[in-house]
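Okay, so chain A shows up in both of these, paired with chain B first and chain C after.
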Partner chain A sequence: MLITLQIVSALVTAGILFMQAAGLTLIFGVSRVLNLAHGSLFMLALFMSYAVSMQVISGPAGFWIALLVVPLAMAAIGVVVEVLLFRRIYQASILVQVLLTIGIIYVVGDLVRLGWGLTSKSVPTPDLFGAPIQLMGIFIPAYYAFVLAVSAAVAALLWFIVQKTTWGLLIRAAAQDRTMSSALGVNPSLLFTSVFGLSMWLVGVAAVLYAPIGGASPGSDVESMIEAFAVVVIGGLGSIWGAIAAALMIGFIKAFGILVLPQYAMSFVFVLMAVILVIRPRGLFGAAE
Partner chain B sequence: MNGVELQRQKYAGMRTSLERLSLPFVVAVLLVLPAFSGTALLLQVTSVLIFVLFACSLNLLVGTAGMVSMGHAAFFAIGGYTAGICARDMGMSFPVAVALGVLASTAAALLVGSLSTRLSHAYFIMLTLAFGQLIHALIWKWRALTGGDDGFVGLQPPPPLQSVEAYYWFTLAACLLCVVILWRITVSPFGVTLAAVRDNPSRASAIGINVYRFRLAAFVMSGAFSGIAGILQAFFSRGMFPDAANFSTSANALVAILLGGSQYFFGPIVGGMIFVIARNLIAEVTPYWPLILGLMICLIAVYRPDGLLRLVRGKAPGVGHD
Partner chain C sequence: MKPGVVAICAVAACLACLPARAEEAIKIGLITARSGAFALYATSAEKGEILAAEEINKGGGVGGRKIEFLTGDSKSSPEEASRLYREFSAKNVALIIGNVGSAETAAISALAREARIPTFATVGYARSLTEELGHDYFFRPIVNSRAFARPLAERLAKQTYKTYCTINNDYTLGHDVNDDFLRALKKLRPDATVLPGCEFWVPLTTTDFTSYITAILSKRPDAVVFSGLVGPSGRAFISQAKSFGLFKMTAGAHASIGWPGNNDGLRKQDVPENLVTATDYPYPPLKTPSNVKFFDAFKARWSELPLSEGAYGYATVHFVAKVFEKDGNENAADFVKTAASVTYDHPAAGPLKFRPFDNQVNMGVWIGRLAWDAQDDRPGMEDIEYVSGDTYLPGKDEVESLRKDKGK
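This part shows the complex of A and B:
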């Protein structure tokens, strides 16, 4: 009974983590910039999701409108940030790249403080998922099933985009060899901007889905950044399939670690990270450089 | 070896006429300061000195070795907490507590460094950040030892150092000594080899340099000096709070390095002073100083990276610049 529930919660954690980390890994794949502000943008999306579903539209429709609007707004923010800031630092030294993203962390963190204060906000589960559903003899929150379905759909969509569309072909080409792909006529600016937008859309979806589970809290920026890093370190930076595998591993470790040592569930993730680094330094699916 | 020789000349040449004049001037000001200033200013300057030492130790890694660590706050905090716990709770004498603090930072840096310095720069940043935050979380949660978020308080420096002025002299002496040692390291064959590794790791490796070992050594040294800064901080503020280990402490030092220029040895010293003054000035005007500071950092990074970091050639292997 408990085991089944923990498995479901592990899958839910994995689904949300995957969407976050996939964005990080996609941006790194094409542009080779490590976006340290990824977690901050996730936090911003959490608060936007709170704002849309609780402050702007305080009705049962709020969640659904947030699910539609917040990811699109995040994608728009991503496009603006890429065009205004990131585009100018692809050739810069790594210190400058890191500092730009630190600057964004400060700005987003303070904007959230300015907009919503320093207290955590909780977002209720949408009414539609009020009743638990029965699965293999036990009751699980219907909302969890919904999150799982959406995560799976998003993962499938991402697979389709990356593997089956021209856009995805260009993303893979740029990830493999940027110089070659631009020499063959791929417009790098357009590609980078669109990948940033896609990645922020994923962050937006992850945040709207996560808000009713974990709420929106001011400290979630660093926390979610570290979790996304753990996923890409374990899965291999630049690999979407690695992100899926690692998100699942982390989901299970957290869900079952909490049963053993509730205070230190995250430490197990670090142990796994250290072990992976020792035995497979580039992560499970990381390519050799 | 021509490049290495050039590198050495570049560092030797960092004593431009301006710096040649300004360094003795700054030291002179620091030496006569207690005679003229009040307690409040002296406290401010002491804290700036500690921050500058931290930034300088980080710059051994960032500037000389070209590795951007996001987790050095952890070594800063480990030094401070260890020395503090030894002195307050174990009743050890001040020198022993300090020595154990440095030892603990060094050991932690060795552990984190051996896991994080093998891979590309993107991994290095993620891992230093992640392990730094792990240490932050441990300090936060290990209440019995560290006091958790209530802070570790009630720490006293030994009686001769308890006055503001005495502690200022102690900090000044320690910082000057450490900065001179860091400078010697930077211009030593070791430092020049590090710069060669930074500029072209494959070439360095081809001429027989063990890239990993040099990077790890730089990481550990930098961690040890960060620990010294942390110890100074702990006895200065009569305790330690978990925030000292938070990534924002590392980020502030990186900002100081960027402001001054990572390729000038005096860059973090100048940048550290500018950073603290700018932060305090903005904080007086508005409580939303992180917003202003963050916007300034973004603008500097995007529009003036060459102006502030003119000499950076620290290209990152595996992190694009192809």
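This part shows the complex of A and C:
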């Protein structure tokens, strides 16, 4: 029972981590911009899902409408941010990119403060998932099983998009060699904008699913940024498979580290990160420069 | 002094009360953290203070003189709080109230020692403020952080619980609260132990507790104590633990999640079955005449419910008005002498006293179980009992020796 329970909790942690980090790695893979404001956009999406499911529509339908609306709104925000800001800095030095994304962190932080104040908000679990369900001989909250299923579905959807569609082919081509792909007639602006939109859609899905678990709090930007970066560094910048593998590793290290040496559990993830950086600096699945 | 840097306004300048008197108003400085980490608590305190001043002014003032506030926003920063303190003391205020967190309170208390202006703190509960750092001009009209350890330990020691797990945020207060509690528990119940590998420390902003909860589930302790999980961490842990059914198997205990400011935002379905906690202002509100009067007035005046700090701010302004009235002046030295002989009428806890040797009020806490207060539609408590401050506050000798050690 002990082991099964810990496996389930590892998978749930991994599912949420993967959805948080997938967008970050996609954007980097295609545009080579490290979006430090990723966590802030995740926080914004958390508060948006609170707003939709609690303030605009308070009722059992709120969660489902948020699940539909918030990711689309985030995708729209992503498109606007890409066109207005990111598009100008793809050729700029890394320092300019860092400055811009740090600027976004402050702007989003203040927007959230203006809109929802300083206290953290909680979001109810949808009624449908009120009772626990039995899985592999143990009881787990039905909502966690739902999160697990959705994150698996999102991973499959991403795999399908990247591997089986023309769009995915272009994403892979641009990730491999940006100059060559534009020389062959790929419109980079359109591709970058659409990838940014897709990434923010993923952030939106992750946030709506996470809100009933962790709530929306003004400090969640930092926490989620650190975790998403750990996933991306371990998995390799730009690699979807890396993000899946790293999220699973972190989930299992956290869940079982807690059992073995609870007082050091938090540092295990960063120890793993350091080890990976020493022996394989580009991450598990990262492309060699 | 730069004009316009801080909005200084006579908040309680009476609108519909006394005919104008020749005498000058009594000026009190309010330093309030209107923004930053303590804003929620601090603004409730300030609202209580304004309400009390309005009541006093409407009733004829203090010996015919009105109370007037000078106010400023400390932005939850000790530097800004200190700057406001100097500004107010230059304006010859009779008294200063700090509606600010512990670090800011320590900063203004140090200034109060020099300026010799009676100074009250309605939000800072760090133990040291009235112990190592205390002095004649600093008054604490609220509980001391010792209230987090002993009353909870006593309540749990009465149960059959022997095996414990602990989970707390990894920062100074989290460690202090946990250590103090375990020390108090061991004294009362030497057979109580923390299970090996069941003492968890999580970063301050953690909101995903899945792996910790499943680990605790598999260790099957009698009780899990998480007094040092604060803010979003505390609420997230409670709602996730409930969804895993943790509190059906294990008792939960948190020293301060019953505090109305701490459980603000917790939803009805998150309130677990078996969570022992304490509060310094109980919901549903106690039905004593003084509390009903305060509660109704606060709700009517501000269209919101008072937090503990609202009750403290209200009682503090009424208290200082009584001392000024008794002295017949605002002399600081007289104030300090008279304070211990005047009762501090907390709306819910009733008449209390400032202890003359440390100016700490002997306020206690209510201990009970977390519950849903349907009548106010917010979290509250049930099965509560009052534990007096006299049971857990340090005695005169202990305070003196703490101060002496500090001086070395």
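Convention: the second predicted complex is superposed on the first by the 279 of 289 C-alpha atoms of A that agree within 3 Å, B and C clash if a C-alpha of one lies under 4 Å from a C-alpha of the other, contacts with A are read in each partner's own complex, and residues count from 1 in each chain.
As a convention for this text, a residue touches a chain if its C-beta (ideal position, glycine included) is under 8 Å from a C-beta of that chain, and two chains touch if they have at least 3 such contacts.
Computed from a predicted structure; not experimentally measured.
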Taking the superposition on A as described, I'd like to know which of chain B and chain C A:222 touches: first, second, both or neither. both
Which partner does A:5 reach: the first (chain B), the second (chain C), both, or neither? second
Contacts for A:14 in the overlay, against chain B (first) and chain C (second): which applies, first, second, both or neither? neither
Look at A:98 in the shared chain and tell me whether it touches chain B only, chain C only, both, or neither; answer first, second, both or neither. first
Quick one: is A:263 in contact with chain B, with chain C, with both, or with neither? Answer first, second, both or neither. both
Looking only at contacts as defined up top, I'd like to know whether chain B or chain C touches more of chain A. B
Could you say whether A:255 touches chain B, chain C, both of them, or neither, answering first, second, both or neither? second
A:191 in the overlay: touching chain B, chain C, both, or neither? Say first, second, both or neither. neither
I'd like to know which partner A:48 touches here: chain B for first, chain C for second, both or neither. neither
Residues on chain A lying within both footprints (that of chain B and that of chain C): 222, 263, 266
Which part of chain C faces chain A closely enough to touch in the complex? 35-37, 39-40, 170, 197-208, 210-215, 217-218, 231-232, 235-236, 239-240, 243-245, 264-267, 269-270
Give the list of chain A residues in touch with chain C in this complex. 1-2, 5-6, 8-10, 12-13, 16, 118-122, 124-125, 132, 139-141, 143-144, 210, 213-215, 217, 219-220, 222-223, 251, 254-255, 258-263, 265-266
Across the complex, what residues on chain B touch chain A? 62, 66, 68, 70, 115, 118-123, 125-127, 129-131, 133-134, 137, 141, 246-247, 251, 254-255, 257-258, 262, 288, 290-291, 293-298, 300-303, 305, 309, 312-322
Please give the residue numbers of chain A that touch chain B in the complex, ascending. 28, 31-34, 36, 84-85, 88-100, 102-111, 113-114, 178-179, 222, 225-226, 229-230, 232-233, 237, 263-264, 266-267, 270, 273-274, 277-278, 281-282, 289
